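These are the structures, in structure tokens.
Below are two complexes that have chain A in common, paired first with chain B and then with chain C.
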Partner chain A sequence: MNERNDERHSDDQHKPAARWASLWLITVSPTIWAVHFLLCYVTAAIWCARVVGRNGMLGDARLLIAAYTVVALVGIVLTAWRGYRQHSYGEGSAPHNEDSSEDRYRFLGYATLLLSGLSAVATIFVALSAVFIRSCA
Partner chain B sequence: MKPTVLAPRSGLLLATAILLAGCDGPQSALAPAGDGAERIANLFWWMLGGSAVIWTLVLGLAAYVTRFSRGKHSLVASRWLILGGGVVFPTVVLSALLIYGLMLIPALRTPEDVGMRVEVSGEQWWWRVHYPSPDGGGPIELANEVRLPLGERVAFDLLSPDVIHSFWVPSLAGKVDMIPGRTTELIVQPTQLGTFRGACAEYCGTAHALMNFQVVVMEPAAFERWLAHQAEPAQPPRSEIAQRGLESFLANGCGACHAIRGTEADGRLGPDLTHVGSRLGLGADVLPNTTEAFVRWIGHTDRIKPDVRMPAYGMLPDDELAALATYLSELE
Partner chain C sequence: MTDSAAHPHDPADLERQKAQEARLAIPWQAPKGWRYWSAVNNTEVGQWYTTVAFVFFLFAGVLALLIRTQLAVPENDFLSAGTYNQIFTLHGSVMMFLFGVPIFEAFSILILPQLLGARDLPFPRLSAYGFWCFVIGGVFVCGSIFFGVAPEGGWFMYPPLTTAYQEGIGADIWLLGLSFIEIASIAAAVELIVGVLKTRPPGMRINLIPLYAWYILVVAGMILFAFPPLIAGDLLFELERAFDWPFFDHTRGGDPLLWQHLFWIFGHPEVYIIFLPAVALVAMIVPTAAQRPIVGYGWIVLAAVGTGFISFGLWVHHMFTTGMPGISLAFFSAASEAVAIPTGVQIFCFLATALAGRFTKSTPMLFVSGALAIFVLGGLTGVMVAVAPFDFQAHDTYFIVAHLHYVLIGGMLFPVTAGIYYFFPLRNGKQLSDKLGKIGFWLMFIGFNVAFLPMHFTGLLGMPRRVYTYPADMGFDVLNMVSTVGAFVFAAGVLVVLFDVVRPKGKQADSPRNPWRAGTLEWLAQMPPRNWGVRSIPIIKSRYPLWDQPNLMADVDAGRYYLADAEEGKRETLITSTIDSRPIQCLRVPGPTWITLWAAVFTGGAFILPTYKLYTAALVSAAIAGVVILAWLWTGTAQIPEKPEKDVGLGLKLPLYASGPKSVGWWAMFITMIGDMSAFASLVFGYFFFWTVHEDFPPDPLPGPGLTWPLLAAGLAIGSWALTLLARHLNRRDAAVGFYLSLGLAPVLTVGAAAALFAGPHLSGLDPTTHVYPATVWVLVLWTLIHFGIALIMQLYCIARRAAGRMTAVHDIDMQNVGLFWHFMLITVLVTVAVIAGFPRVA
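After this line comes the complex of A and B, so read on.
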């Protein structure tokens, strides 16, 4: 991986490829968090409105929410790992504030890593509702 | 100069005393008299204590680095402080608060052990209340006052026919919105006898601030007697002036909007007046319940409650207004 990056890096020294400054990776974890929230919300809403009624128990909907949470956390951890690799690329440590394409690359990786941490905590917070609240009431 | 030294301190004491006095009273979430309000007040005190500790800590650190330790700090220690104080600590505190809050919800919302269901409809700008009949008949309609038996879990079914209102008795429980087309629920369990004040907590139009009610928590036996009395029809007029009041009430069309059970008046648009004389206030707790207040209310309704749907009857002769007021205030 590093070798490949090194190769590209040498190509990029004067004219960095677009993907070196791509912002897409930092949006992945917050997007997973948002989709996880939406899925949990919609699942609970449909379950309480159509399946068990206003005062029914969440029951199997909680299992679905648990499954969404596991999938979301795996996605966030993978994204965090990619961010970490990007952050520790070559020689250089945070805050990555040099005016160079390498430091921009590392900075975006670091931002991805931090946002992944935030998204993981937020996803767990959403799932905690289903741990403590067992009823639609 | 010397005598003024104490002034700031006594000013602070006075301000504290005034602030603390504001925590008490019949409409304070900090003077709880119900199970729900107690849990919410506990949460508030924990949060207040916690924020005081964190505030002191942060300002203490700020004072430390700006006044006592101005030199260069170790980079490693600073990074650990940022990670610990800026990431780990807030995450742990927020998680603890979230878990505490989430654990409160089932206890506040469980419909188990509910002894009685009372339906309250928020309407511009008063409260229509339906109690279950003590003899198993149809519900009893009352208005602008709620009474509860001490210690019993009571569920309120909350409705609205017009705009969003919010039902809130801070001393007894949290607040719940009343949303047109939906029925929301609030469970209340009073733990102290007394009279508490409720209010509409969602802006609902011109007279929103004049949409209040009183809640009386009574011994269960006294509550049973009160409910049985409220279920009965109105007493016939006891005096000649009250009789003239009833005649005026019917002749002026008041019965098109108001019901007085036991008379021809059976309107459903406005508050039921069968036992209006027994209530603690008038016009959704805007005026005291006295004959003089009835005269003011009937004669100048829109001046007391702007945009109210009831027309003012100020054109009636004074003696007729007085007769109406006497009749209504005797409807105990």
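After this line comes the complex of A and C, so read on.
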């Protein structure tokens, strides 16, 4: 869903904001959440099934989950920062409903920022499981 | 605007407008007489689709009343246990598969083009094909109950109940019939994604699109990742039932939990696939009722996209009692709590919009209010059951039945009814009755709560789900009787609404134009509406163009925007860029045909006949379906236009043909293959699932498939892929000899690769019925072989297209799409080989 803005019939296609147009950015943070979630789940499943057994302790698996979480949160914060920069580009504040490349650019940044917030909360929720639970039982 | 805008009443201009209208009407008119059923336009197909989905809803509703009648009093003998099992299984399956998901597709096919000011969606014939598949599959599944052979294992078909403890073909009907319908769902998803991304009106940038379109984009994307795991699961299940491949049989290494995983990876997102489009309707109705723009557009986008993602992390909360490690349950419990955040955000946005605007009372808003009240209750019990220890208590009791009906009826049925009242004039030009709407609403609202509120208590008292009767004096009697009375009151409300919809309205005056004074584009529709959708395709500058763009309606009507005419007598719509909606192509869309119906009939044969073990007939039917689909592609797609570009109005010339990433067909292929990949990933997941749960998977010593044959297959496939890409390149350069040489050699390599892949497990004597390991290897090989078959046909098709002069250096849609397919083909082969030949060596 990237596009090169070289099509005709545009009044503002050469403005800086118009050059960068992609829907993918808004999905980055939720995707980080999804990958973090899957990694936590798969790590725990393999750990409890093949490493320590059904009644073993989570032990190092918790450290792994902590490491995933740190990496995921760093990724989400960076994405959020990118979103924030886009959201506050030039002059203009939410709801970003103007008919211009700039406002479209700001809007996608705003959506990225909001989704990063949600993804961060959801990631922390999932990681908290490993704070409170210490065994596979 | 052209100069004529300055002289709106110039007689010459009026004359010109009339002539344009007359020309435009010809290609878009629906076929007459019995040929009417060959229509493919979104207005006809959307209406049929919606109607049939509602017929299935009423059917499943009758089943629900039978259930409630049986449970009204203890130890009732109104239904036998067997019949009861069939009825509740069919009730759930039909509501979910034949109403919940299809109604959103149907509705969207009907109204999405209107919302986007488009003439039609980009692939009308695909919609028609999906519709006919839906009808055939739906009638097949529903009809089974009249022969007493309906599925009886619950809507989730858990093995081993359905593999070892139930006789008959019910499970096959469920697996094959519903897989068939899932294909229709995926077809609709492809259509809707491309529709939202590529058929928006000029100027409707991504920050200006109607919220409905955002939701549809998210939901259609979810379908691509949610339905394929179930299709993969169905494949495994049917291979077990028909050919004794033991995927779920623990005595031969299988595991019934794999089915539960695959089913719920589909099943939980499905709840949101049903819920989000209904919320999308609310997001259209509330701003109109409040007469102001939505509060928190960006937040609603957050909610839609966020819910779309997080809903995939919830599936195990249906499996809390299967004995998984506590930590696994905790992850899913946490995600289940997290999804409440975006869900809540959108409800606050709606409330804020209603409170901030000048709220006008209307029947649609009444249903919306009821929906929010009911859904919030269902959401709260959802948060309760997301807590694993509470779920341990409530699991499989009537508490869950109450919860899911609060969520689905509040989150889906009430908004859909609101949508019917709101959008009815768009298709029929008449308004529904406010009085009947109010009566219907109160009967439904009161009846619903009387029926389902007591079930929370019945459940907490311990009444299990899916029992056909219960003994007296366990405290269930009164509660059940109350529920039954409520169910019938609810049904009466549905009947009132139904009557309002079907009552003759010939004498009733046409609805005024834009009857709700809405701000979104669909209300440009004339009353009664015309088949062309919109008179001319406008330039959009606002989220609520009818409120913010003065004279928009008059200018559109006067044909002062794009494609006001149909000089060549063809159906046309605009294709625009995905983000900023700049016009890039004038797309010719196809007209009426019977071929989609025939394609659906024979595809249906391929799915339905195996139910009765008629495998040869099924293969013949599949082959005919293949031929019909090829004929459809050959005659109806990638047609070379008579001129390279045309004037679409306002001095803009657009190409009539586009290939590669600029064409809608390329997008459709890309999106379809994403779905295909997620089905394949589910099969691979199966392999690793067995590796996780078994010490001896893959077995040691390894019985097959060896290294040589799979590696040879991979090598040949890489060769075929490279030759295909080379052919694409040479075709572009118009190097005919090179093209024919490379694309002539590629099929040979394809056949060789398929043969080598088959030889691996075959020559090492892997028997899929002996143990789950050979079965899992074989199913990956089988999947890849089927793809080789399709890839081979595609290569031959491109040779034939060029030879027939239907593909040229410039007009190369076919070759571009086949090249794209081959990228995915190569991924499939390489992953299969890495898993079946490589992984055992690492493990």
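To be clear about the criterion, the second predicted complex is superposed on the first by the 116 of 137 C-alpha atoms of A that agree within 3 Å, B and C clash if a C-alpha of one lies under 4 Å from a C-alpha of the other, contacts with A are read in each partner's own complex, and residues count from 1 in each chain.
Throughout what follows, a residue touches a chain if its C-beta (ideal position, glycine included) is under 8 Å from a C-beta of that chain, and two chains touch if they have at least 3 such contacts.
Small disclaimer: the values here were computed from a predicted structure and weren't measured.
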Practice task
Considering only touches as defined above, state whether A:125 meets chain B (first), chain C (second), both or neither.
Solution key: both
Practice task
Check whether A:135 is in contact with chain B, with chain C, with both or with neither, and answer first, second, both or neither.
Solution key: both
Handout entry: More chain A residues in contact - chain B or chain C
Key = C
Handout entry: Set intersection of chain A contacts, chain C complex versus chain B complex
Key = 121, 125, 128-129, 132-133, 135, 137
Problem - Residues of chain A defined as touching chain C within the complex - result: 1, 3, 5, 7-10, 13, 18, 21-23, 26-27, 30-31, 33-34, 37, 40-41, 44-46, 48-50, 54, 58, 94-97, 99, 101, 103-104, 106-108, 110-111, 114-115, 118-119, 121-122, 125-126, 128-130, 132-133, 135-137
Exercise for the section: Give every residue of chain B touching chain A within the complex, in rising order. Expected result: 87, 91, 94-95, 98-99, 102-103, 105-106, 109-111, 185
Practice task
Enumerate the contact residues on chain C facing chain A in the complex.
Solution key: 197, 202-203, 205-208, 293, 296-299, 301-302, 305-306, 308-310, 312-313, 325-328, 330-331, 333-335, 337-338, 341-342, 540-543, 577-580, 582-584, 652, 692-693
Problem - List of chain A residues in touch with chain B within their complex - result: 55, 117, 121, 125, 128-129, 131-135, 137
